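Structures for review follow.
What follows is subunit A paired twice: with subunit B in the first complex and subunit C in the second.
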Partner chain A sequence: MTEYALFLGCMVPNRLPHLEFSFRKILNHLDSNDLVHDISGFGCCPEPIGFPGMDNITFMTLAARNLTVAEEQKLDILTLCTGCFESLKTASVKLKHEPKLLEKVNKHLSKVGREYNGTVEVKHIAQFFYDDIGFEKLKKNVVKHLDNIKVAAHYGCHLLRPSEILAFDDPHNPTKLDELIEATGAKSVMYLRRDYCCGAGTKSLDGNVAAEMVMEKLRQIARVGADCMSVVCPFCFLQFDLGQEMASRAFKDSYDVPYQIPVLYYTQLLGLSFGIDPKEFDFKRHRIKVKPLLEKIDAVAVPAV
Partner chain B sequence: MVTRSKHIKINHEFIRELTKLPECENLKNCYQCGACSSYCPSFKYSKVYNPRKIVQDVLVGLKDEILENTNLWFCGVCHACTEQCPQGVELSEILSHIRNLASKIGNIPTHLVSEVKNLLETGQVVPPSSAINRRREKFGLPELPDAPVDEIRTLVKSTGFEDMIRRKIELEKAKEREIMEEAKARMKKMEEKKTEDA
Partner chain C sequence: MTKIGLALCDCFGQFAEVIDLDSIEQSMRDSGKFSVILRKDDFCMTSGLESIKQMITENNLEKIVIAACSPKAYETVFRKVIEELGMNKYSSLVMVNLENHVVAVHKEMPKEATKKAKALILAAVAKIEKAESIEKIKIPIQPTTLIIGGGIAGETAAQELTDLGFDVTLVERRPSIGGRMLQLGTVYPTDDCSLCVRSSGYVGFDVGGPRRCFYRGGLGTLDKLEILTNTEVKDVKGQIGNFKVSLEKKPRYVNERCINCHKCAEVCPVEVENSFDFNLTKRKAIYRPFPQSIPPYYVIDPNICLFEKCAKCVEICPTNAINLNEKSEKMEKALGIVIMATGFEEYDASRLNYGYGMFPDVVTQLQLARMLDPTGPSYGEPYRPSNQDMPQKIVMIQCAGSRDETHMPYCSNVCCMIALKHSIMIKEKHPEIDITICYMDIRSVGKNYEEYYRKARELGVVFLRGKPSYVVDDQRTEKILVEVENTLTGEFNILETDLVALSMAMVPSKGSAELAKMLGIELDEYGFIQPLDPKIRPVETNVAGVFATGCTITPMDIPTTMAYSGTASIRAAKLMQSREMEKDKVTAWVNQDICSTCRICEQVCPFSAIEMGVKEDGKLGPAEVLDAKCYACGLCVSACPSAAISFKFYSEEQLKAEISSLLHNGGTDKKIIAFLCDECAYGTADEAGFMGLQYDPSVYIVRVPCISRVDPQLVLSTLQEGADGVLVIGCLKDRCHFLKGSEVGDLRVNLLRLLLNQMGINEERVKMYFVDCAEVNLFTRAVEEMTQTLETIGKLQMQ
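Right, the complex of A and B next:
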């Protein structure tokens, strides 16, 4: 089995540790701790929106530096954030196929005594559950079928596009996250604008534009009666959780607000189906209350036989 | 009658310079269908950002107008345009390259300058905090290793990035000074006028 260095990034460990906790909890529950290693030496991924826009070669060099840290330990990289995934995967793919770029980057890296040899693969946890853990193992651990809830999957731009590089799933009609959600017994519902951006990328420039994007998604998700959303990125999480509250306030006159659609990181949802006590996940931290969802699940959840 | 501002400068070299780069060579295949913009969330909601129009301006040669336009940064890098373009124009990459050129002349939004400052100080864009570290402890999460700040600083110096950001910060300061000076001059004039009137 492939072994990975866990790349935490900055948003998850420094702002949303409860998301990190949920991933580690699941890993432990699946008895798969030996697949994922904590190593030191990683820096900023760097983030895939501002940095490549300011200076591509700096972006590539800083990303490649992280790749060398994993390469030294002969490990691949696993990310919890789709932003880290896009940055590191883009660098790994391009540096593998563009020798001139690799040469340039290595010249800079030599100043800190490093060299990248192009051997590291980068994976996001969604792919890890899909390929490495697999459905058989996931389903075996489901003790509480979430049959009565409808979940709206939000893949996130940086998991899907550009598909030629990230190669996670069909960019127009992805299904992998839906399949992962349905492994819990829940129904993953289709809605318009599934592939739309969460708006995190424009938030710092213009909060209103980002809030409009959040509202558009929520409106479509509310229309199909989803009980919650499931995301696989801390930035998307913040946009739809805290952002939902803020956008509902900002648009209180123009939409059917406030929306109250709880947002769960995928491993939190998985944890509920594994029968892990919800208290452990510290759902109090979520701005949109998760309690009604938990009550709905408990009202009729059938224990798996 | 269509009148043109005499300030518009056409730069015929711009498109040639851009298409020399491998990531921008397919730019000429653009037939201005607008699929990119129709899928672009920033176009839909910002009302001031239009990726198709940027390509048009590149094709026409409006180099300065493009590079000086701060709206360039409305791109959320969602790559929907690249995925939708029927002509295989890798637009999000091209736009990113255009922002690289804009950055060189100081067109960088302030929130990104702060991001860089965080990176150079802490090695991360979202720095750690003691309150969160206490919460990590409660969760039983491992202690976070130190970020490799020194290596990052050396690398951004090596690529010339640090200089570029420093220039940008100086530019900003100069602009602030200019505004202050202007305000002072105006105040002075008003004072003078007051004493004259008296």
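Right, the complex of A and C next:
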């Protein structure tokens, strides 16, 4: 099986270490620790939207430097963040198919004594679970069917688009994350504005716009009666978790009830269905209380047959 | 020696302007091939035809070569004449196309043209010498028709054919005939009850006016119509005139003693979704499909009935009409003609993101039609299936699955009109209900149809241009939410509604693919029947004697279906009326001693005209060509690896003799053999002559029925015989007169070019072109390209 170097990025280790922790818990539980390696030397991914807009060659060079770090160890890259996924995947795909670009990038890389040969593949953990681990193994480990909860899946823009480069799923009608969620026994509900952005990208420009975008998504998610959300990106996580509280505060006059929809990183949801003790996931770090959800699961969760 | 005559036309001096006819006549006399040569101007006129007759009778000629103009124009006339004299019209006549292949196209080169004319006449002699006499065959046609599918399409065809005096067997797999139309409640363009049908059994004047209710229409009482309900077609063998059909009549468990007292259904303990109401209501295991069903009896659903464990219905039946031990019955029938009328069903709505199957208040237009049917489950009132309430707001979604490349790319034709009809019906009764129709385009094409659109707008129906992305339900308000972008204003809307009606795409019925396989008929990529020619033969299939009508061909409305059924019936009647079909045996035949039973021919035949025989011990026997189905294209002839299949007309010997003669007598330095299919390609060459386009005289045209007749072996032997280049020209690939000929021909020629390369022969010596009859300059360009190629690569040197 393919072995990976884990690319943590900036957001997860600095602000949301419990997301990384939950992923490692799952790896441990699946006995797959040998598939994922920690190596040193990675830098900033770098950020996938603004950066290439300013200077594409610099963007490619920085991303390619990260790729060379994994290439040295003959490993592919696995990311926890969809932003890192887009940056590195874009670089790996473009450098593979555009020899002229690769030549330019390698010229810059040679200044730090590096060279990229175009052999590294980049995967996001959703892909890792979907393709590498596989449903058979996931379902075998589910001991607690989360039958009674409805989950609203949020894919995140950088996981899907541009689809011809990222090639994760149909950008208009994605289903893979829903399938992964349903592997836990939970119901992945359809909701409106499903393909809307979480709004995290607008936060630094105008906090009100970001809050409005969160509110619109939450409104639609609450409408269909979802018990929680599941995300696969730390930015989306932060926007829906911390952002939910901030937006609820900002709009407290225009909405009757502040929304309290817990947000789970996919590996946390998976962990719950694996029967891992919720205490291990450090849910106290979440701004939106997860406790009601855990109680609901425990109230009727049926052991898997 | 065979006595051959030559009729050489002067065409009132037209030919003499280019070619030297005296020299041609002299050479022909010198060749010693002809016992008599007649030179005249007017062979195409009555006086000329008389002189040909005279020449034949006076000289006791056996065969005749007519060197004049295009066989396309005059061959039939000459064939008629020689047939009157008792000669075989295929083996005794060959025409040389002096006008279009020589005179009109080589005006600047009289010497070469004269030489070419001589070569063509000699090649015609070589061809006619090898010609075998072709007898006529008579295929008896039983004046009986099998109609598969008892919907409005099948019923109409059955009515037409019985009116014309033919026996019809109508097979329907459901327990009653009637089909989809009866489920619609009301139908456009008349807005009347869908049960209204044409009354049967009255030719000329219909008693009771132009229409009657389905159960009073007399369909069930026609002497010549046998209705087999609960029956499936299991196998079809044979050919036009004599299809051997195996049918299985499933048990009904209730016989004709049934008086419809409904007592059995009252005591029946088992309930199931009612498919007639598209699962909106329930029915018992013993049920009448619908109140007007034909035959008018109850029926037991064997999938859910408890049989002996219960048997309450048997006890209560006052007429002893129920027999739970009834067994299914197998039938064999021999029928002359088959008409497919298997209809449509809705595309699986749960495959869309519109929540069908998840939320009960999302229904299809057909379900809404059941609600709006005055005799339906709610007596014509719309309701929300979740709580039976009257909806305050209804959203209709058009093109659900249609015009969608991830589902069905075609337009389903009737959905716009059905949505308009339903919205008008609701609005007229309940003006307070808000109706929004989400559409891409409203296609209300035709007389009186645009008026529906205007009326709906006048009644206040909102038309929102946009295709919804998702439909979900609001847990708190129990409303259905529809997310849609209004593409005219750019607004993103979320519509809150009580009921959603999906105008689903129409797809062919389940099982029609299996039926098509049994019959050997071709389907398009969506599973609809592919008509033999969508423009001019819309109801005919690739298999002779098998017709189709209704939505099994393409989505269509009821008036169109009526017209299609009429056409299909008249085409069927045309074949049946004379009780036999006369055909010349130009068809392929199998040398049964050589056939290796490899089944290649069976697979390649575009008309399913080849069936494998069965030996006495039950093993696979040699292939057999069903003459009635064969269109004589020659695809199998050139596909057979053992050379076991051949033609009597355009036989291998004939073609080889013709080519060899052309190459030996052709006057030009370089020689190009052009195989032209008898359809568009030969027509194009004629057209070049009519228009006076000039091309190189080194091209010698060989006529073949279809380019699929040209096998690589023939091309190789042509090159070996001395040709420097070979042109293969056929019809456009998707317009091949024999459906698959050009496609297969292309494949073969490409493979051959690979082979030539390996043999050290430049692959450019064999070129293939596809032309439409009118693309004259394409033909001359093909010739030009080939001559240019030959100029660069030179003559072919064979060792």
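Before moving on, here are some points about what is shown:
Going forward, the second predicted complex is superposed on the first by the 303 of 305 C-alpha atoms of A that agree within 3 Å, B and C clash if a C-alpha of one lies under 4 Å from a C-alpha of the other, contacts with A are read in each partner's own complex, and residues count from 1 in each chain.
To be clear about the criterion, a residue touches a chain if its C-beta (ideal position, glycine included) is under 8 Å from a C-beta of that chain, and two chains touch if they have at least 3 such contacts.
Worth saying up front: this structure is predicted, and the values here are computed from it rather than measured.
Superposition of the two structures on subunit A shows subunit C fitting alongside subunit B with no clash. With both complexes placed on chain A, subunit A has more residues touched by B than by the other of subunit B and subunit C. In the superposed model, A:N56 lies in contact with subunit B only, and not with subunit C. By the touch criterion defined above, A:E47 reaches subunit B but does not reach subunit C. In the superposition on chain A, A:P292 contacts neither subunit B nor subunit C.
In the superposed pair of complexes, A:G134 makes contact with neither subunit B nor subunit C.
Contact with neither subunit B nor subunit C is seen for A:P99 once the two complexes are overlaid on the shared chain. When the two complexes are overlaid on their common chain A, residue A:E212 makes contact with subunit B while staying clear of subunit C. Of the two partner chains, subunit B is the only one that A:P17 touches; subunit C does not reach it. Touch criterion met: A:N173 reaches subunit C, while subunit B stays clear of it.
Once you line the two complexes up on chain A, you'll see the smallest CA to CA distance from subunit B to subunit C is 6 Å. Applying the stated touch rule to the two superposed structures, the overlap between the subunit B and subunit C interfaces on subunit A comprises residues 172, 195.
Residues 172-173, 189-195, 220, 223-225 of subunit A touch subunit C in their complex. Every residue of subunit A that touches subunit B in the complex is listed here, in rising order: 8, 10-11, 13-15, 17-18, 20-21, 24, 38, 40-44, 46-50, 52-58, 61-62, 65, 108-109, 111-112, 157, 161-163, 171-172, 195-197, 199-202, 204-206, 208-209, 212-213, 282. Per the touch definition, subunit C reaches subunit A in the complex via residues 353, 355, 358, 406, 469-470, 472-476, 481, 483, 494.
Across the interface of their complex, subunit A is touched by residues 41-42, 44-46, 73-80, 82-83, 90, 92-93, 96-97, 99-100, 103, 108-109, 111-112, 115-116, 119, 123-129, 132, 135-136, 139-142, 144-149, 151-152, 154-156, 158-161, 164 of subunit B.
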